[in-house]
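Sharing a structure, written as structure tokens. Questions coming.
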Amino acid sequence: MIDIVLGGSSAQVLTIKIGRQLKIPTILPEIKKFPDGEKYIRITEDVNGKTVAIIQSFYHQPDEFLIEYFLIADTLKDLGAKKVIGVIPYFAYARQDERFKPGEAISFKIVTKLIEEVGTDEIYTIDTHLHRVEQLSEIFHIPAHNLTAVPLLAQYVKKNFELNNPVVIGPDEEAEQWAKIAAKELEAEYDILEKERLGPSEVRIKTRELDVTGKDVLIVDDIISTGGTMVEAIKMLKEHGAKSVIAACTHPILVRNALTRIYQAGALAVIGTDTVPSSISFISVAPIIAEALRRG
Amino acid sequence: MIDIVLGGSSAQVLTIKIGRQLKIPTILPEIKKFPDGEKYIRITEDVNGKTVAIIQSFYHQPDEFLIEYFLIADTLKDLGAKKVIGVIPYFAYARQDERFKPGEAISFKIVTKLIEEVGTDEIYTIDTHLHRVEQLSEIFHIPAHNLTAVPLLAQYVKKNFELNNPVVIGPDEEAEQWAKIAAKELEAEYDILEKERLGPSEVRIKTRELDVTGKDVLIVDDIISTGGTMVEAIKMLKEHGAKSVIAACTHPILVRNALTRIYQAGALAVIGTDTVPSSISFISVAPIIAEALRRG
Amino acid sequence: MIDIVLGGSSAQVLTIKIGRQLKIPTILPEIKKFPDGEKYIRITEDVNGKTVAIIQSFYHQPDEFLIEYFLIADTLKDLGAKKVIGVIPYFAYARQDERFKPGEAISFKIVTKLIEEVGTDEIYTIDTHLHRVEQLSEIFHIPAHNLTAVPLLAQYVKKNFELNNPVVIGPDEEAEQWAKIAAKELEAEYDILEKERLGPSEVRIKTRELDVTGKDVLIVDDIISTGGTMVEAIKMLKEHGAKSVIAACTHPILVRNALTRIYQAGALAVIGTDTVPSSISFISVAPIIAEALRRG
Amino acid sequence: MIDIVLGGSSAQVLTIKIGRQLKIPTILPEIKKFPDGEKYIRITEDVNGKTVAIIQSFYHQPDEFLIEYFLIADTLKDLGAKKVIGVIPYFAYARQDERFKPGEAISFKIVTKLIEEVGTDEIYTIDTHLHRVEQLSEIFHIPAHNLTAVPLLAQYVKKNFELNNPVVIGPDEEAEQWAKIAAKELEAEYDILEKERLGPSEVRIKTRELDVTGKDVLIVDDIISTGGTMVEAIKMLKEHGAKSVIAACTHPILVRNALTRIYQAGALAVIGTDTVPSSISFISVAPIIAEALRRG
């Protein structure tokens, strides 16, 4: 079983919440920056013989959080930790799992190799968008699990909004997996948006089957980053007569004015989790991480 | 011999200068950032069978430049490069070579291990401040060389300032090595500053032997970061009658108002190299890197 | 009556929410940055003869948001706007209302003078911490109103947490005004913390009268910035037997690891509003701004 | 005559250099930032009855440096300063001197109005690029002078490079004014680049008259920001047989990889001044500011 949760600087509040739910000790290491940017890290508690979960999310400055992760994991093993579990709520560097053009760094493989090299024994992530693999474990050589926060998104919407016969929409084919989960939680129908070719240079997006007229719609995706996909989807749904649209995602990266543009497009609300702390991180993933670590 | 120099995003102008001096091809890889901060790297030239030197300096955002280094080095090997030489003009993460307090990350060892892990075959740095080891090669398991830019600092001062019977000062005992080199270049005497205990709680710094009265003084150190050491040294030298004081360093990290404070203390000029691009990087280390790579 | 709400780049989502509540047009000007940092601003809708409320909050980069405000307000007047109302949810530069030491800039007066100079006709702020004045209107020469978001904080807590006979605490004397408002909303008792001198160099903080043993406590303050005040208050309340402590503020500035430290001190939850978008901005001040603008 | 030079946080080293050349007192005010970003400013020396020159340059974060300027100037007058002279080596916000599209902020006029409003009595800038006005004084209502640093650029090149029968090139028509000045200093010929239309959609740039074949060329412009103009000019000059090309500017804004691209295009060297501290700020404008303030 897990003995200790330890929070890197990307996820300290989340770590405290997980520790409280698991009723086990929480370590927040001493982390300082020298004038040249070098990180100093010190783990002040005894970890000898313990199973330790490092909670560290790779958003905004993923390289900084990665190096911190390397230093912490390696040091835990050096201090005698029995097992090191990496919990990476938002896993950047999952895009490039192949060399699409000559000369590209296959960063997914290099980063996972280094994560293993520093002594990680097992990995958990949340709603990592896998592209050309089915399972995280096809990339990692250690046990690797991809959890989902989508049920939490659906539950939050159910609790905080009065939805009238809602439907769930995935903004593209790859989002069908999330739409399906949310729909089940809401006991609602779901569909995805797809592109219809109208002419040589004309395309429009539309639902595959569902009629959204007069419906309260929940759009679900793994990530909102520039917001482009959400904006397009919301506009289309409003044009087709949707009564209201709520946009939900696990990872609110929200670069530049993404949030403004989604509201401008007509969203009633935009919600996300604390895998990436943001102004729409209304939902904590602490319960699903705690539950996964408890089950082991 | 070396076939190609390749510049990471910390050192691209420096890389072009080195390439011109060596008259060999320069590669500047395609480097982009995704909205979540993930780096995309692509090496667009053929490196198969080649010996490639990666020029990457670890200042200001060392973690970002480190991850870039890992991605580039690993990819070069993956693309068939015969030999990968890491040239790290400013090497952050050289401080922590031991565990001084329980639980500290020995970051120097972890970072060097990862640098080796990604396929680096040989390492060059410049004026790395080694603490508890004599040679860089005691930490690395690959050939590792610590070059010096101090002769360039002295030459620049000789060319650009009219010094009258100058002396060279190292601001503390650890700087004696640099003071000695600069003094030889200037055919001048050198000394270091040391602390003299005047009473139970009173300390003053002074030169060990040299009288600086009426002298043009060159202070030399490996790095200026907060500027505290330089400020104290300049004040002391001016109090002891130095006619003028020039402050020189290899690595101008210069955090916050370091430069202002050094000028306020009375420096005539403050100079540094381009291992860390800054407003006082008047000197390029390209010649010493080119020379070292040429000799191999 | 008010015709248009216009959002500066600090508060665009909030502006959209206010516009929806007031059912009036929302303008989001075109705002770009040139390579040298200069802002370009263009108001693309007709404002001639209109009463326009500019929503702009002065957090994190207050100088940038101030200059934007100046450019927008002046341009609105130049384009023929009848009346310009400045709505500044978080008003930085309210600290320095006097010259405490010789030579200090009395920045509150200078900033308000410039806000008036660019054509502002009326000002609204939220929970501005006034120090040596009773009313905002003692500083401004135009009508100036200081709204409060504290009732929203209390309502949120009532809705989202099961509190058992709660009490409200202001962490210091200046917070009594906020504690009183929250207590009224919760129909609860309130008190403040004060310092008790135990000996020549020993001080402890304690409630003035209330016994918090076994109570669910809500601490209310106008701002959380470094978190120091909250951390001390929570520790003291837990030591005195409080069953749970929720920390609430209007303005979640939250520098560095403030939030982590407050959770570490034992907070059950930490909540704030969107005057400063943050990871604890669970509550929008849109309703109170909309209501104030509607009343006029 | 001028009594004191005072440096804002954008230009403190420059201010010290000016003060030394003028042999007058230098004030560096106490400048701090509160956690919410608000600036605290305190002028610790007596300025009553004095003529004070504020040195503050508007680069990178011009809004922050503007607000600092407003606070300092207003406070100087409040403290009894007789005359406040604003010296703005790089003056951002000089672009928008008209409303080109409906609704645009005419930021040049708004910013100058506020600079005057806070008590500025006279203004100096360096190589401000004026567009639709001939003189800075057409915009300001106070005496306003636009100095030039171009002679310093030419002198630096003459001293540090062995040029063989050099020519000076302005990269476009607006740069003719700077090319002319540099040419006079170097006793060389000058020309500008212009666009030649080759067909309906084909354009090439070329010199108006001069043949650059075999020549050492100095390109001079007021500013390098993205570097696009310089890159195009250098490529063209190299194609036409220029032996070497040095790129010089007064204001090295140098966004993103501008410098790398200019070197890649074939520049032998790239140089600029300290109006914008940068890695190519080899030349200080202190002498020309000191001289202008001395003349009064």
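Worth a mention:
Per-chain numbering from 1; labels A, B, C and D assigned in written order.
Please note the rule applied: a residue touches a chain if its C-beta (ideal position, glycine included) is under 8 Å from a C-beta of that chain, and two chains touch if they have at least 3 such contacts.
Values in this document were obtained by computation on a predicted structure and should not be read as measured data.
Taking the CA centroid of chain C as reference, the farthest chain centroid is that of B. In terms of their C-alpha centroids, the spacing between chain A and chain C amounts to 31 Å.
Once the centre of each chain is set as its mean CA position, chain A and chain B turn out to be 39 Å apart. Centre-to-centre, using mean CA coordinates, chain A is 46 Å away from chain D. For chain B, the set of residues touching two or more other chains is empty.
By the definition given earlier, chain contacts exist for A-B, A-C, B-D, C-D. Taken together, the chain D residues at the contact with chain B in this complex read 9, 12-13, 16-17, 28, 257, 259-260, 263-264, 274, 277-279, 281-282. Chain A meets chain B in the complex at residues 29, 34-45, 58-64, 66-68, 70-72, 74-75, 78-79, 90, 92-93, 95-96, 101-107, 110, 113-114, 117-118, 223, 225-226, 253, 255.
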